Structure formats: structure tokens, C-alpha cells
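One structure follows; several queries about it will come next.
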Amino acid sequence: MAVPVQYYLVLSAAIFCIGLFGILTRRNALMFLMSVELMLNAANINFVAFSFQHGNLTGQVFSLFTMALAAAEVAVGIGIVLVLYRNFADVDVTKATTLRW
Amino acid sequence: MMPLQAPISPDWLALTPAIVLGVFAMVLFLLDSIDPDESNDGLLAGVATVGTASAMVVAGVFLLSGVGAGEGVSVFNGQLVVDGMALFFTFIFTSVAALICLASIEYLAGTDDIAGYYSLVVLATTGMTVMAAANSLATVFVSLELLSLPSYGLVAYLKNDRGSVEAGMKYFLIGALSSAVFAYGISLVYGVTGSLLLPDIASALAGGETLANLGGLLGVGVLMLVGGFAFKTASVPFHFWAPEAYEGAPAPVSAFLSSASKAAGFVIAFRVFTVAFPIETVAGTIDWVLAFQILAVVTMTLGNFAAATQENVKRMLAYSSVGHAGYVLIGLAALTGQGSGEIVLGAGMIHLLVYGFMNTGAFLFVAMAEYWEVGRTFEDYNGLATKAPVACVAMTVFMFSLAGLPIGGGFLSKYYLFAGAVGAGVWWLAGVAAINSALSLFYYSRVVKAMWLEEPNGNLGGIDTRGYPTGLYSAVMIAAVATVLLLPALGVFSDVAFEAANAVLRLGP
Amino acid sequence: MAAEGGIFTFAPAIAVLPFVSFLIALSAGRYMPKKGAFAGIAATGGSLLLSLLMVAQVASGHAHHMELYTWVGGEGVPFELTFGILLDQLSTLMLVIVSTIAFLVHVFSLGYMNDEGEPGLPRYYAELGLFTASMLAFVFSDNILMAFMFFELVGLCSYLLIGFWFRRSGPPSAAKKAFLVTRFGDYFFLIGVVGIFATFGTGMFGGPGVEESFPVLAEEAMSAMAAGEAMPEAVTTFFGLSPGAWFGVLGLLVLGGVMGKSAQFPFHTWLPDAMEGPTPVSALIHAATMVAAGVYLVARMYGFYALLPTLLAIIAFVGGFTALFAATMGVVKDEIKQVLAYSTISQYGYIMLGLGGGGYVAGVFHLTTHAFFKALLFLGAGSVIIAMHHNEDMWEMGGLKDRMPVTYYAFLSGSLALAGIVPFSGFWSKDEVLYETLVHGLGGSPILLGAYLMGIVAVFFTGFYTFRMVLLTFHGDPRSDLAEDPEPVRWNVKIPLAILGTLAAVVGVINLVPVHAVVGAVPEFLHDWLFHGPETLNGAHYEELTEQFAGYSAGAIPGLGGLGTLFASAGVSLAVALAGSALALGLYRGPDPAEHTEKLGALKTVLYNNYYQDEYQVWLAQDLTEGTVAGTAKRFDDGVVDGLVNRVSDVSLVSGYFLRRVQTGIVSNYAALITLGLVVLLVAFGIMGGWFGGVFA
Amino acid sequence: MMIEALIGLCLLGAGVVMFTPDRYAAKVAFGWSLLPLALSGLMLLNFDGTGNALLGGTLAFEEQFTWITLGPYDLSWHVGLDGISMPLVALSTLLTSLAILSAWTPITKRQNQFYGLVLLLEASLVGVFAALDFFLYFVFWEAVLIPMYFLVGIWGGARRKYAAIKFFVYTNIASLVLFIGFFGLVFGLGDSISSLDLPEIAQALRAGELGSLAGGLIGPELLALSAFVAMFIGFGVKVPIVPFHTWLPDAHVEAPTPISVLLAGVLLKMGTYALLRFNFTMLPEVARSLAVPIAALAVISVIYGALLALGQSDLKRVVAYSSVSSMGYVILGLVAYTSYGLGGATFQMVSHGLISGLMFACVGVIYNVTHTREIGDMAGIAERMPLTVGAFVAGAFAYAGLPLMAGFAAEFFIFVGAFQSTVIAGNGMAVMTALAMFGIVIVAGYLLWAMQRSLFGPFEFDGDYDVTRAARHDVVPLVVLIIVIIALGTFPDDTFFRMITDAVGPLVDGGPAEAAIGSGGGSS
């Protein structure tokens, strides 16, 4: 029948890794946020695919939860990035290092 | 004591604590929206305190009257289950939250949008209570986020304080990463088992052929879940946010995160792993006990050794809280099946309870020191006892109780954890814990040394000028009294804790 | 016992009285006339009377033993440790000697201490009282543990009294040395005591009404072994040694304490230093009584030593050698008390020689006579020292005989006794000692002859240094202004001298062996006295033992027969003594004698330095033990043992420092580390759990 | 309720004194400390215990009720005294009172806190000796550390902070080690015990019900051995046994004199007492199999400690190291497993407590006047302070084992008991004993040497304090201690030794131990 589930898995894994790569390389807070979004969506792909595979809706419902939460997360994130900019005049996450060791 | 089975109907009433908290959060919003401009600190703090305290009372009553003894009351088709463990942890969260709200009045004086602060605290507490009861990975994830999002805000609450903002940023970024990992882990587990309800997951795995086919996938998923919990409990390697967040955040928030939020992380860890992934079944594929053993060793060692060389008391407490996460991880790391797991699990729960009071108290004392503008380093605390002896007695109680001396409940719970490790045959884990514990005595006693043994170096003026902060001071005192009383009176909680641990473990296979 | 309880019930008072005087002097001494001297005099007088009563009672044929109290007992312990009193011929005799001299010394002290206006007299009399009490208690101890305890207590008193003048630097050091050297001996003694209890389960010496005593048990064990039978259960030997060998070991260990207290070579070095103490103390403790404690102990448990020929031979040789060795050192000394000190060492050598040579009676006899004449000599020296304002150098004296006649004549009688000139007491006893050794040497134990020879040679030196001392002190012209008009001494000095002088002259009559041999009518009081002690504690029994186990038997010089040998030996010793005296007379007669020590050449320095005995012992104690060993231990402890502890804490702190460096503060690094950690976990568990098979299959 | 009353009195006193103004604190504390002292004296008179507390003996003043249930195990408040613990309780109360008295002169700052902590310490010490439930015991055992840390750290000498933290952490590590070792045994016993009651555990162990741990990975023998070693090290640090002794001299030298008195007098006894109660009572077979190394350690402690004392120039250090030496005798007596050995060891705990207390008190009095403890700094002070020096001499000879004083009695018992012991084949113990006994010579050596140097000779003192007689309340403790020491040495049986031998009897071969197991109940 349709596309075997492994492919979805590979796809989601790929997206997850891309997001992770973004997190590790990007210094801009917003980029960081986007990469996190990617990773969350990788999870969503899985949920939908597996939900199809298992023939129950749990996964799909969960993916909706995830999106909602992702949105909320971004909202909070943006707020924090804002005050970050206010205090450090920059959105470079590696600049703020007053707390360490 | 024997739980007298109080059948509660309708069953959703078992969620009263969570409901109470939610309602009070709304009340706070309401008050704020009525007159947003001039904020009445006392009123808001009072409302928040009353709310959390009443939730605590309800939880306590439920706990002792045996609501949710044994299997517990399952709500919403088993999405949530209110059993002994849920109520026990609810009690921890709410009591800590109450202390925090009480203590924040003076600390936040002068900052704007106080209502937001309190409502965030109450909401986060609500999230925790739901986490305690979460019986499905879905509810786990949602409640976890319900806790996390307010926490980010709370950490960054002092918008004009660079430390607070930076701490919030780091906490948020690591948190986002972890929740992504967590969500992906959930998706994999779901993929393997086709369900999110913990008992169903267990039964799906029970057969064994699922494991045979998709063991690897499950393993990856489980390890990612471990990552999610490690983030909440501030365990290595997901602990990096903790020192910064605890140091940068407002001291009450640090107390809140390091005591309650940590406990919340543990309660889901306890439940998910004991219920969904009984070690007997999955040991062949993914020996999460071994994983937690490794995490426990690394976490407690890193936490304590790093704490030993700090100059800043708050940061020392932050690292020590990482170390304590390591101790409590023994509760999972010693579920080897040999010996009785209830000892370690129960001891872990008790330790989190006691820790809730002594660690909160310690951070609140730091808050008081900041309020007095004493300073943050050990040297700044020199001779504090000459000015504020009673408060210093309280701090001494916290420190020695954290170090595991028989002046507070920390002694019993900590040593019983070690004993449990020996009983489970992982004596080497107990050995490592012992070394760490001895080291921790060293750095905790540095605080005591500074307060009692050293001479003042002239930075204690603030105590006279600013006087005693009533709310903060009383919160510290309550915490101290509770810590001390928990040594002789631990029996009240230990019984329910061990019953709860039993119940959870019996739910497993 | 009730039958003859009677007077014996007062026996404890013998020791208790002086103890009470100790308490009085200590607490109230400073408020009393003469600072508590009278209390001491009264107490010792009382002890003397009681002792005499005891002698009378014992003479009427009843030795007596009584339990005082149980130190440790009950069913909890395998054997009891008790205190008790044993009053037999030997102990009562010794009681009389001790209390007599103690009494006289107390009187003498009035002159020597009070009249000189010494400070701290209450302390002095308290310590004197405590000493007397302990010494008397030691004498009538009925078991070896009790004996050891009071043996130690007299050691303490000796320490305190030698160091009486603690404000000077000399006395404290001398006191320390005295205590340590004797303590070193007592170390072996204590092992011996412990061993005896572990071996026999009892420390009893024996006596009437004592069912188990260790000498008897030892004897049974030995004879059982000899007869090839099983040992008595009560006895357990150690290290799989035969009874003989093991008992020998025990005997040697006890002998350690004996040699320490009685200043036998090589433990003799403390006694000359002990002369730092007040002279009456030297007379009482370091001449007559405490030093006698050692040899008395040997006599007390003679029934044990008599079983062990090797031990007897060792005792005899130690004695003989010490006698000679010390005598040679005595000939060059310049201080009068030094001469007396070395002569004391030498004389106790004779007593040991006698006991080792099988002359139980002879040993006790010489112990008795020596106690009197040596106490006399010390008190005489004390009188001279008073006269010379505490200047002891004999070369500063001279010509005192006309100025202080009482002292002179008393001293002279003592010297004649010491030199062993007939008919003074010393002659009889010393001669008997030598005679016994000789005959037993001739009779089957030739090894004793060596000891005998040393003893004979020592006689010559004894005569020499004795008369050198007399001549330098009393004869010739005064060699200093002090000697011109010495400070007069009072009655309290003269009376004791007079009494002791007479005793020194005549006390020999208690055992005129040679006379008895000719005229049977003249009794050998002491011999009969000691031979009629309670069974297993009397001379006769000891004679059998020595004969049976040590193979001692009286021989004779070929062709002379018993009587001939007796007189030959007496003649020889007398002749030698006279020769020594004559040499002294020849050298130091005349108004202004010369030193003559140069004639000795290189030997002189050796003698002046006492054969460098102190040097090596001080080196052992201070340089080696305290300096090298203890110093090394200290460095090792501070450096290695404690250093290790501190290093551990350093290491953990340093590692902590590095661990906190991981927290760089840059959030991207955190993310990287988190990912790394997760990946490591994944790979590790993946390989363990054998995944990756299932996924992409 | 006697013991509860005793502990309660001390705690109450601590509270009262804490809030007394400094001016009266000293007097109030001393007055109050007489109450527990009197009470313990009363208990001593009414003492009716027989046999060994752990082996089914009948206990005096016993109380037991469950405190907490932790999973499968009951923690109970279980206290009681037998012939071993009774003397130690009496010792603690006596020394506390005397320590408080001897603190009047040296302690000048923050007095109410000082005396309050001392009474707190007394409470925990009594608890340690009276507790018969492991966790209760452990609570008191650890609780002792807290007051000690402050007492050394606040009122100590120049390096007090270093000494305090060293003592604190070092002994805490030890506690953790012994805790783990002991719980190895608890879990090894499995279902045969249902509580942490020490008698129950001891009897179960002696009844040979020790199973294996970690799923058979650690067999009973290995488990018993490792637990024994762990506990031996843990308690050995407190004793202290060489090489775990280096915290002691630092703590002693830096601690204020009254605290040194308590430290040497009572705290060290916690270790030996625990060794007797745990290692040598619960695991006799292991103890016997390890007799050679243990006896060797004892001998090393004796000789090495004495040599170290010989190498010191600070009077307090001298006494401190000689404590190491004396404690070695205790170990030797314990391992002997004879009634004289075990009894002597226990008796030595008491006598050394008194004697070392006396010595430290004397050093303290001298220090109060001269403000130095260096032997080289003073000479001939006997002339100025005769009473104190007299007490010092008495104490020194008591230490050197002078007959009719407690020290000799204890050491003689130990020597006899060890000499005849058969735990080492071929009379090895006899050799060990003979070696250890050489300690008495070295002890006499360094004490006499120190006295000659500092107390006697012509008076010299380079310091700007005028050396005069000590205050009366400084000398009283010395006199009291001397009297008690002589009393114990002259009448050991009538004071403590009889009850001690009665209590250790069941441990000796052929003792009624086996009978006790059966009747003792509790086990299996």
C-alpha cells in the first residue's frame, strides 16, 4: 500500500538532526528557536506516521498538542529574546556569559 | 497508619488540589486585571499563599485519609491517576509553593507586575500537580510544558537584571532543546507500542515480540525520555542550565525550581519507568536502571565536586542541588529487582519531601541575605550570626541537614537511600554517594564556618537599616522547624511514602 | 587461723601506720612541729614494735597468712587477684630490719633536714612515710602481684625523694634516670608476673593455709616431668616449651625487675646518680631497704629459683661480676657518697652471689648485716656532710676523727664490717656467702667457682676503698677550712649512729657459722630461724630443692674436709680483705695523702667514667630512641600519614576546580555537550542492547 | 524512664544555658550539669542489669517503642544499660561536669553558647552509650559531631578552623563507611530480622543466619568479612587506630582544654565501645580469623603512638599521642576474647577517660597561667604552682601505670587476658602482649622527660605573665579525678570491674553466650 513507515522515520530523523545541527551552530537566538521548531516537527511527523501505522488517532491528537505547545513556547521565547536584547544589546546567545563556572 | 478507604465520588474530585490551584491562578489574573496599575503586594501574596496552602491541606488530608491508596483513583480514562505517590508529591509541590509565595513579598517589593509573578508560580504548581498524576505520556508532556513555560518566565522575571535575563535565556534554550528531544522520544515509544497510556505501553511490551522487532527504536525513545527527565531533575548531562538558572533567578524562584520542579521531574520519572517500562521486561533491550546508575554517579560527583570550590553561596547551593539530584537518582538506579525496591523508591520520595523544606529554606535564607544586601560570597556571610543568630541557626539546620547530619530529616532519608543502594546490591553506588556526602559536609560547613566561626567584616549594616522581612523570615523559620521536626516525626510521611512506592512498583509487571 | 589470730590481726597496721603518717604529713604537716617528723617517728616506731611482736609470735612456731581483700574476683574471671599478708620467718625478719632503719632515719632526718632548715619538709616526711608503708607492705606481700604493686610504689617514692630538691637541675634528672632504669627492669618483671598468672593461675608464694602456690606447682610440674608423668592441670606452659625451659624464661623475666631494683649490672647505673637525694634517703632507700627489695624477692620465691640450675648460675654470676665490677669503680671516687654507692652495688652483688650459690641463709644473712652497716655508713657520711656544709669531696676533708669522735667510731665500725674484718658483722656474712658458693662449686657445680673467684677478688677492692675512704675522711690533717672547724651535729644525729654502730659490730652473732662448727653450743640463730619456716618456705626445703633439681651438694677442698674448707675459705677472705685494707693504709696514711690515681694510667679514665656504662645507656635512651627513632616516627607521621590525608583533600578540591570549568557560560557549548552526552549514551546502550538490527531490517 | 530523663535533663539544660546571660552562664551550666551527674550516680546505685545487652542479658532502665517504620524495618527508641555501658555513662556525666568547671577560666567569649553546646554534647554522648537500636545509635553517634565542630571551631586555638573541619569530615567519612558496612549485614540477614534492634541483629548474626548479598554475588563469608573491615575502619577512626589517627592531635591541640578533656575522655571511647558492641560481639568468628592483623595493629598503635608522643614538644600533643597508645591496649584486650582481656579493655576505656582527662586538665591549668604549652618555654614551674604540678605528677604516674591507680589495673587485666589468650595459634598473643607492654616504659620515658624539663629544675619562664597558683575552681577537677582514679585502681571490683566482667562474660569462649541466643528471643 502506501509509503512504508520506515521512510517517515528516516525523514523525521533527518529533520531532527538538521534542527539539532542548527542549534549547535547558530548563535542567533531566533535561529535557535527555529531549529527547536524543526525538531518538534520531526516528532510530529513521527506521530502522524505512526498513528497511521497503528490505526489509532492518539498520535495525531498528540501532534496537535505539540504544535500548540510549540507556539506557546515560541511566544515565551520571543519575550525572553526581547529582554535579552534589552540587557545585552544583542541576540547572540553566546554573548551573555556573566554567569559561569 | 492504616488508610481508611475513603471512596471519593465523583472521581474527578480527587484532582481537587490541581483544581484549587488553577482557580486561584485565575483569581490572581482577575485581581490583576481589575486594577493593573497599582498592585497590592500583600493581597496578591496572601491570595497566592492561601491558594497553595489550601491545596497543600487538601493534598495532606487526601494523603492521610487514604484517598488513592493502593491502585489510586484513575481519572479521564486513566489519563490521570491520583494515587499515593501523586498526592505525596502534590503535598511537596504545594508546601514549597506556599513557602515561596510567603517569602516573595519583601523580596519583590519595588518590581512591577507582581500579580504575573504569583500567577506564574501558581500555574507552575498546577502543572506539577498534574505531572504527579500524569499516567500517560501525553499528559506527562503537556503538564511538563505547563510547568516549564511559567518557569522560564519566573527565572527571567527581573527584566532589568542581566543575571536574571541571561539565566532565563539559558534555561529556556536548554529547556526547548530538551522538550524537543523528549517529544521525539515519546513519538518513538508511541511508534513501537502504539499507545501513550503507561499501563498499555507496559502490556504492549509484555509480550516480548514487539521488543524483539523494534527494540532498538524503543531503546532510542526511552533514552530520549531519560533526557527529558534529566533536564527537569537537573541531572547530567542535561544539568547545564541549573547552576546559571539558580544563580541568576530571583532567590525564591531558585528555591522553587531546585526543590519543587526537581521533585516534579522525579515523580514522572518514577512513574513512567516503573509503570511503563518494567525493568524485568525491557532489561534485555534497554537497561534503564544501568543508565540511571551511570547518571546518578556522574551527577552526584559533578554536582558535589563543583560545589566544593564555589565562592558564591547561591551557586554552591545550585551545584549541591545537582548533587542531590544524583542522590535521588539512586531511587531509580537501585531498582535492580534484588533487595526490595520499595526502600530506595520510598527513601527517594522521602528525601525529596525533606529536601523540599531544607533546600527551599536554604535558598530563602540566601534571599534574605540578598534582601539585607550582605553579599553573595562566603566571605560576605562572615559573622552573620553575631547580627542575626536565630536566622543563622535556621541556616545551620538547613546546611547540616543537607549534609546528612542528624539535625533534620535529611539525615534519615539520605542515609536510608544509601542503605537501599547497599540492599539492592549496588554497594559501589553507595560508596560513591558516601564519598560525595563527606565532601558535601565540607562545603556546607563552609557556610556555617563563615556565619559562626568568622569575625564580621563590616557588610552587615543592611540588617539594621532594612530590618527583618516578615514574610521571608517567617518562611525561613517554618522551613527550619519543618526540617527539624521531620527527623522525629518522619513516621507520618514515611508510611504513606513506602505504601505509595509499593503501589507503584506493584503496578509494574 | 583463728587459734593464733591474736596479735596477727594487727599485722596490717605495720604498713598502715606509716601510711597514716603520710596522710598526716601531707595534709597537716605544715602546721605541725617539726613538719610532721614526729608523726613519722611515732608511726615507724609503732611498726617496729609490731614487727618485733610478729617475730616473737612467729618464733613461737606460728607462721601466719591472712587474706586482706579480693582485688578482683567473682565467677566472671578465671582466677582471683587478692591482697594478703604472709608473715613467716623471712618476712618478719625483713620487717624488723626495715622498720628499725626507717625509724632511725626518721630520727636522723630531724638533724639532717629540720636543723638545716630545708623547705618543703611536710612533703619530705610524707614521701618518707609513703615509702615506709609501701616497703613494709611489699615485704609482707603474700603473692607476686601484690609484691609487684608495692615494688612499683617504692620506685615512685624513690623517684620523689631523689628529686626532693626539684629546684636544682641535678636531682630531677637523677630521679628520672633512677625511675626509668628500674622501670626498664620492671617491664620484664611485669611480663614475668603476667606469665606466672597465665601459667599457674596463681601468684601465691605459699605459706600456711595457702593450698595453691606457684613455686609448689612449678615443683610438682618439674618432678612430674622428671618422672615422665602428666603435668598438673593447673600448669600450662607456653610456646610448647618444657616446664623447665618455660619456668626458666619466667624466672629470667622476674630477674629483670630484681636486677633493676638491686642495681645489678647492667642496671646499676642509676644508683650512683640517686645520691643526688638527701642523705637519709640514700641511707634508707638506696642502701638498706628498697635496693634490698630485689634480692628479697629472690629469697621470697627461692622455692621457684631453686628448681632452675641455669637461673641460679646466672644469679650467681651476675652477683659475682657486679660485686667485682662495682668495687673496682669504688676505688677512685672522690665524693664520699659515691664510694658508698658503688660499694652498695657491690655488696648486693655478694647477696646475689650467695643466693645463686645456693646459700639461701648466707644471702639473707648478708642482706641483714649489710642493711645495718651500710645504713650506718650513709648516716655517718650524712653527719660528715652536715659538718662539711654539704661538701662531699673527701679531698676537702681529713682529720675529722678528733673533731667528731662519735661519728668517727660509728663510721669505723661500719667500715670494718664492710671490709669484712673479723669480728665485725660483715665478716661473718660475707664469709658465709663465699663459703657456700665455694663448697657448692666444689660439690658438683664447678661453674660456681668462677663466680666465687670474682667474689674473692672483689673482697680485696672492698677493703681498699673502704679504708681509703676512712683515711681520707677522718685521718691526716684537715685539707680545708670547713674541715678545720666542722659544724657540730646534735643528738638526733649521734644516737642513730651509736645504735647502728653497735649493731654493725655485733649483729654478726646471729649466725656465727665457723664458731658453731667448733663449739656446737654457740647457736646459728638465723640458720635455725630460717630452717624452721613454714613448709615449702623454709631453708631445709630449699636445700632439698637445690640438691634435687640443681644438683647442688656441699663439697670440700680436697684433703681439708668440711671443717677445713670452712676455715680455709674464712681465712682466705679475711686475708684478702686485710691485704686490701693494708694497701689503702700504705697509700693514704699520713697527714697529707696523695691521690695515687695516676699510677693507674689509662685505666684511671676508664674507672672515672665508670666503664662508660652511662654513656651507652644515655645514647640508647636519648640519642637513639628519643632522637632518631621518635624523630623519624614524627617526620613519617606528619609527612606521610597525615600528608596523605591532606593530599586527598587537595586532590578533590583541584578536581572540583576543573569540573566547574566545564560550565563555560556559553549556552551553545551546553547544547553541544548535551548532544554529545546523549549520543554517547545511545551508542553505548545500542551496542549493549544489540539494536539497529531491529530498525532497518 | 531514667535514661530519657538523663538525656532530657542535658537537652533542657542546653536550652536554658543558651539563653542565660554570659555573666551567669558558667555557674548555671555547672550547677545544672550536677543534675545529670547525680542522676547517673543514682542509676549506678540502682543498677540491676545482668549479662550482655546484645546477647539476651537483662538490661537496666530499658525502654523500647517503635519510632519509625521504614519499609520492612522498624526503627525503635530502644535504650538500656548493661555492665559495659553503665560505667561509660557515669564517666560521661562526671567528665562533663568537671570539664565545665575547668572551662571557667579559659572560656571568656560567647559563654552561654559554649556551655549550652557542652550540655548538648553530653546528651548525645549518653545517647550513644545507651542506644540499642542501630539508627537511634547512629543518630547520637553523628549528633556528637555537631557540637564538637563548633566547640573546636569557635573556642579553639590558632588553627582551630583547620582542626575542626578535619575532625568533622574525617570522622564523617568514617561514619559513612561503617554505615554501609553495617547495612551490608542488615540486608545480608534478609527476612530473619524485622527491625534495626541491635540485640536482634547481634543474635541473628551469632545464630549464623547471615545470607548473601547482591544476588549471591557476595557470599556470607565475604559479606561478613567486608562488613567487619568496613566497621573496623569506621570505628577505628574514632578510636583512633593507627593509621587513622592524624585528626586527633590537631583536634586536641586546637580544642580548648575542657573540650580536649571530653574528646580524650569520652569521645574516643565511642570508638572502642562501638568496636566491642559491633565488631567483636556480632562477628566473633571474623574477629578471631583476623586476630593476627588486629593484634598487630594494636601493638603498632601502642608503640608507634608512644614514640610519636616521645617526639613532641607540645604538652598537649604529648598527651594526645599517648591516647593513641593507650587505645591500642584496648584493641589488644578486645581481640584477646578472654574475660580479663575484654573486661580490662572496657575498664581501660573508663580509666583512660579519667586519666587523660586529668592530664589535659592539668595542661590546661598550666596553660591558663603560662599561656604556653611548649615544654621548652618553661622550667621549674613546680615552685610557683605546687598543687597543679602535684596533680600533673600524679596523672603522669597514673598514665605510666602506677599500681593502685586505675591505669595499672586496666592495663594489667588486659595484659593477663591477652597473654593467656589463644586466638592466635602458638601463643602468638603472648608475644604480642610482651611487645605491647614495652609501651609502659616509653610512656614513663616521655612523661618523666617532659616533667623534668618543664615542671622541675630552676624556675625559668620567658613570657610576660606572672606564674602563680591556679584558681581553686581550676584545681578541684584535678583533685576529684585523682581520687576517683585511685578509688578505681584500688577497688576495681567494687566499682566497675565486676559488672563489666559480668557483661562481657557471654563473649568469652564457653561463656553463656549460646544459651543467651536461645532465650534472647527476637532472632528468627
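Letters A, B, C and D mark the chains as written, and numbering starts fresh at 1 in each.
As a working rule, contacts are C-beta pairs under 8 Å (C-beta built on N, C-alpha and C of every residue); 3 or more make two chains touch, one makes a residue touch a chain.
Worth saying up front: this structure is predicted, and the values here are computed from it rather than measured.
Minimal path length between chain A and chain D through chains that touch?
2
Approximately how many whole Å separate the CA-defined centres of chain A and chain B?
Computed value for the inter-centroid distance: 26 Å.
When the C-alpha atoms of chain C and chain D are each averaged to a single point, how far apart are the two points in Å?
Here the centre of chain D sits 37 Å away from the centre of chain C.
Quick one: report the Å distance separating chain B from chain D, using the average Cα coordinate of each chain.
Averaging C-alpha atoms per chain gives centres 42 Å apart.
Between chain A and chain C, tell me the centre distance in angstrom, where each centre is the average of that chain's C-alpha atoms.
97
Could you pull out the residues of chain C that touch at least 2 other chains?
Answer for chain C, listing residues that touch two or more other chains: 649, 660, 663, 665, 667, 671, 695.
Which parts of chain D, given as residue numbers and ranges, touch two or more other chains?
169 - these are the residues of chain D that touch more than one other chain.
By the touch rule stated above, which residues of chain B touch at least two different other chains?
169-170, 173, 177, 181, 217, 243-244, 439, 442
Let me make sure I understand the interfaces: which chain pairs count as touching?
Every pair of chains in contact is listed here: A-B, A-C, B-C, B-D, C-D.
Chain B touches which residues of chain D in the complex?
67-72, 135, 138-140, 142-143, 145-146, 149-150, 153-154, 160-161, 164-165, 168-169, 172-173, 176-177, 179-180, 183-184, 186-187, 213-215, 217-218
Under the stated contact criterion, what part of chain A meets chain B in this complex?
Interface residues on chain A, with respect to chain B: 5, 9, 12, 16, 19, 23, 29, 32-33, 36, 39-40, 42-44, 46-47, 49-51, 53-54, 56, 58-59, 61-62, 65-66, 69, 72-73, 76-77, 79-81, 83-84, 86-88, 93, 96-100.
Name, in rising order, each residue of chain C that touches chain B in their complex.
Residues 649, 652-653, 655-657, 659-660, 662-663, 665, 667, 670-671, 673-674, 676-678, 681-682, 685-686, 688-695, 697.
Name, in rising order, each residue of chain B that touches chain A in their complex.
138, 141-142, 145, 149, 152-153, 156, 159-163, 165-170, 172-173, 176-177, 179-181, 183-184, 186-188, 190-191, 194-196, 217, 243-244, 247-248
Can you list the chain C residues touching chain A in their complex?
660-661, 663-668, 671-672, 675, 695-696
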